[in-house]
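Right, I'll just put the structure down here and ask away after.
Letters are used for the chains, namely A, B, C and D, taken in the order the chains are written, and counting of residues starts over at 1 for each.
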Amino acid sequence: MKRELPLFVTAVVGLFMILSFFVPHQLVSVPADFLQQSAVIVVAFGIVLGGANLLRVNLEAVVKRQPDWPYRLVLIAGLLATVVIGLIEGRDFQALGTRSTWIYDQIYAPMSSAMFALLAFFIASAAFRAFRVRTVEAGLLALAAFLVMLGRVPIGNAITGWLPSGLRLGAVSEWILRVPQNAANRAILIGAALGVMATGLRVILGIERSYLSGEE
Amino acid sequence: MLSWRAALVLAILAPAAGGAPTAARAQGQAIIVPPPVIQPSRPAAPRPPAPAGAVPSPRPARGLTWKDVPDDAGRAIDLQWVLSPDDTLQRALVQGYDVMRSENPGGPWTLVDSVAAGVDAYRDQSTSLRRNVAYFYRIDAYGPGGVTPQGSVTGPAIAVSQWFNHTRWSALALTMLFFAFVLFFIQSAQGEGRKPFVRRIPGIDAIEEAIGRATEMGRPVLYVPGVQDIDEMQTVQSLIVLESVARTTARYQTPIKVPVTYPIPFTIAQEMVKGGYLQAGRPEQYDPDSVQFVSPEQFAYVAAVTGIMLRDRPAAHIFLGAFFAESLLLAETGFATGAIQVAGTANANQLPFFVVACDYTLIGEELFAASAYLSGEPKLVGSLKGADLMKLVIVALVVAGCLLESFGHHGLTQWLATQ
Amino acid sequence: MSALDRLARLDRRWIFLVTGLLVLIPLLWPLNLPLTPAPPVRAYHDAIASVPPGSHVLVSADFDPAARPELEPMLRTTLRQLLQRRCKVVVVVLYQGGPLLVDQIVRDVAAAQGAVYGRDLVNLGFKAGNEAVMVLMGQSIPNTFPRDQSGADVRTLPVMRDVRNYSSFRLLVSIATGYPGTKEYVQQVQGRFHIPIVAGVTAVTAPTMYPYLQSGQLRGLLGGMAGAAEYERLMNERGAASRGMDAQSLAHVFVALCIVLGNLAQRARARREEG
Amino acid sequence: MSVYLSHDPGVWIAAALTLFIFSFLYKDNPLYKFAEHLFVGVSAGYYLVLSFWSVLVANLWDPLTSALGGAHGSPLAARLGDYRAFLLIPALLGLLLFSRFLPRLAWLSRWSLAVIIGVYAGLKTTGFAQGDFVAQVQGSIQPLWTASWATTVSAWIFTVGLLTTLVFFYFSREHKGALGVASRAGMYFLMVSFGAGYGYTVMSRISLLIGRLQFLLHTWLGVR
């Protein structure tokens, strides 16, 4: 029962949500909307659960003096400071001039951007080390990358300015994106949509029941 | 022929084009009742009484028609009217129109809303509108010279709730067809009790190979279930695959590390790994800390995962799920550590980085096939067959559609149209 | 050891260094290469330019600081174009890391354009729940966002007086970095509520948007910093995106060069190992 | 070119943290580890506070207290967007998640998971059916003969690319013979698409670095 009833709930809720996509009547659309609201709320509870868990795991690491415990302390301090300040500042914690805003602007945002900026370096390094042209497939990949990369910046058109406008790098890269890229992309989208729908159906009908596995 | 909806959109997009509505067709039964008694001050209207003299009050709007908005829960009524002849740019006699509503042709009237001059359509979906109630509508033109009620009222207009959204016929038909295929193959695979044939998918086979390598080297396996929450089906799929992977690592007695971004998938990932160890008959070896909640922030997560790669040095990296920009950081850092890497995602724009920097990549649908393929269970594999049959239907649809379009027939395209 | 051989063993940190310098130098000494707006960019600009003055436009700004260099110039220029057209702008944020950043940009542009907050535009702030929120907005926006970013009751704001749900808007502008973003708007909103959508996305997501552009589900598209710069060009501005395009050009050439050199080096090594 | 250093301590902290993260490019080091752990802690805390105020308080606590306080009639008279006392259900489901801290009651959290998974599986199934499946199929249908030869050629290449790539995803047969040829062509289209994606992405990545360098140069060092 600990497993079957929840599976039954998933099935009922899932089928009802599918139904609500096709049936606008209030007897269906209002409960469906309520279920969506509920899911949003439960997920928010989950975030609190996650925070508590993070705190527990790292406190344990500090208490046990694991090798990297001083860094864990930094993590705990960051977490607690952000949470406590945010809760004290109340529902307007995001207003201008609050401490939460300061933490966001001076700590969270710069680090997030800096991590993201590392990608610029990695993309060059990946191009140098990993783009191995040994097969026709890899050759096509490299060629398309080469053309699109240059075609997307002003310099691409500048160096092919002597060609008719339809053959300049900008136009060629647009064509690659619009035709072959688009075709393959669309097949991926359609295939993935079938995958999502099949997985969704299997989960809803409890055929793929394992998301509620573990012991009884 | 222009559909009513298209006409409405056109009318909205070209408000000042001479003022003639494109298609004012009476779809609702407009009954003409005697003109209402014009009172100098109407209780519901916010407009001040007309100043005497100076500017003439505008001539009225006319030809008001209504239509119940289709495919909804009886929450809205569409109105359309013919602009006042004075509603032109040259003669600034009309500033706008008041949409008036009453449950009685004789009033009392309440103001629903006002629209600007040049607008000849309105969708009444105010919260005060109730379904299955007969309403009467009137459009009052107002300007500097005062307010002129429409000469007639329209009604009774009733918003009715519908049981089926007709714009979704094609989605319904194709979804049901697909579900029927999947269920049929699941059923027949179950009946026959043997696994239907599925071609080899190298990327999925590589997962076990990678775990084997890690075992030989005595190093852990890193499993990354994407960076999205549980509302992403790729995350759900990845968590399902995680159980099979955990079963294999349990059998090989190789530690597994699963850093997770969101709490709900974290909770499920714990269940999955535990379940995998249970199925492998080694529940005592399950380490609750092998699954680790990190942070929903994608780059905080990446920072933590690259930390694991550099410090714990797993020999196999498995990235399955929804990925965004972090795919390159993960795959390239992983490449540098020399680990064997298997990736899979349906996020088409991240596939290039995985293809370049990983040993094997599951592309799009292959990710969704992974759980069925790995489990080898006949009924799950059966669902792959259903998807395959659907692909043949799609090929047929596209070919037929292209041919029909080439010969100038647009029926199929219109049937599929969702907008 | 030949030069190519040495290249094959090159420490990746040298590549990091060159990349950094190629981006840094043009920021200090600009080259001012010319820009030509691509058709999807022009369509984006024209879609906004054809919204009648005074009508409402919904702007969903779904990005965090990480996507700021690409999407902030788009959001700024879009808000400027909308406010100059006297459109009523309603901003929402569905992406988790974004609310504060977006609020700063919105207030900044509003102040510069002399727009009055609450009358000409409003920022409804963030709501968690991804697509579920998008669908909820289709029922009622004031119910989904009872309070704006600064906590004011939205029903008291003049700009929200005529706003009920998607049908109150002439156009939806989705400026988005990932999930939830443009794709979800197309799936959940465009399909259900039939509102025209234009989008500004990062260069990464742009190729996946082409199918939607071709099928008419998107009316216009800005892709990455180039899209932002070309849009600035159409608006006759020279903003942050236009200034960054020189660094882009050099870096692109370098990455292309990396592919060629990497392969030459690898081939040389392979030949030597054979021989 | 002139330099004018920022006087804002916040900018100095932001610049330092940026450089700590960049130090990873040289190698993993204590400064990077410090930034990494601080980032994880602060970001998790930020999401917690955000969910608390913008969902738990705004969408649950506020409507619930006003409904139970009898602010507008019966607490059970729910309507679209206004669920009153029914909100106790998600509140209960949310609290059940915390049963995971009590091993003997941990199974209770499955109820919450069951509802969440049901809602999203159902929502996604139809969302993808309409947006990615039907709409994409419809969008792929185009005339194969047009007045312009360039459009016609593109239409053929597009259609062949789409169909062969779909064949690549066909699992029920071994890819041999005609199927093998088609699937190989599909593979080529996929590779061109990945290459194009890689090339297109470079711009995005460089943009981010430009953004950070602009911050360091202009905001922090004040280079004019």
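Here is the rule we use: contacts are C-beta pairs under 8 Å (C-beta built on N, C-alpha and C of every residue); 3 or more make two chains touch, one makes a residue touch a chain.
Since the model is a prediction, treat every value here as computed from it, not as a measurement.
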Selected interface, C-D versus B-C, where C-beta contact pairs are more numerous: C-D
Cα-centroid distance, chain B relative to chain C, in whole angstrom: 20
Whole-Å gap between the CA centroids of chain B and chain D: 14
Multi-chain contact sites of chain C, meaning residues that touch two or more partners: 12, 16, 19-20, 23, 66-68, 96-97, 99, 125, 128-129, 131-132, 136, 139-140, 190-191, 203-204, 207-208, 211, 214, 216-217, 224, 226, 248, 251-252, 255
Sites on chain A at which at least two other chains make contact: 18, 21-22, 26, 29-30, 33, 36-37, 39-40, 43-44, 46-47, 49-50, 54, 68, 91, 104-105, 108-113, 115-116, 118-123, 125, 127, 129-131, 141-142, 145-146, 149-150, 152-153, 177-178, 181-182, 185-192, 194, 196-197, 199-201, 203, 211-212
Contacts with two or more other chains, residues of chain B listed in rising order: 73, 168, 171, 175, 178, 229-233, 236, 263-264, 267-268, 294-297, 299-300, 303, 311, 325, 328, 348-349, 351-353, 355-356, 363-365, 369, 384, 387, 391, 394, 418
Topology of the chain contact graph, where touching chains are joined (line, ring, star, complete, other): complete
Chain D residues touching chain B - in the complex, by the definition given at the top: 21, 24, 28, 33, 35-36, 39-40, 43-44, 46-47, 80, 97, 100, 109, 113, 116-117, 120-121, 123-126, 128-131, 133-135, 137-138, 140-145, 155, 159, 162-163, 166-167, 169-175, 190-191, 193-195, 197-198, 201, 204-205
Complex contact set, residues of chain A against chain C: 33, 36-37, 39-40, 43-44, 91-92, 94-96, 101, 104-105, 108-110, 112-113, 115-116, 120-121, 123-125, 127-133, 142, 145-146, 149-150, 152-158, 170, 174, 177-178, 181-182, 185-186, 189
Contact footprint of chain B on chain A as seen in their complex: 18, 21-26, 29-30, 39, 43, 46-47, 49-50, 53-54, 57, 68, 108, 111-112, 115-116, 118-119, 122-123, 125-126, 129-131, 141, 145, 185, 187-192, 194-203, 207-208, 210-215
Residues of chain C that touch chain D when the two form their complex: 13, 16, 19-20, 23-24, 27-28, 66-70, 96-97, 99, 125-129, 131-132, 136, 139-140, 143-144, 146-147, 183-184, 186-188, 190-191, 202-204, 206-207, 211-212, 214-217, 223-226, 240, 244, 247-248, 251-252, 255
Partner chain C, residues of chain B touching it in the complex: 5, 12-13, 15, 113, 116, 123, 125-127, 228-229, 231-232, 296-299, 322, 324-325, 336, 348-350, 418-419
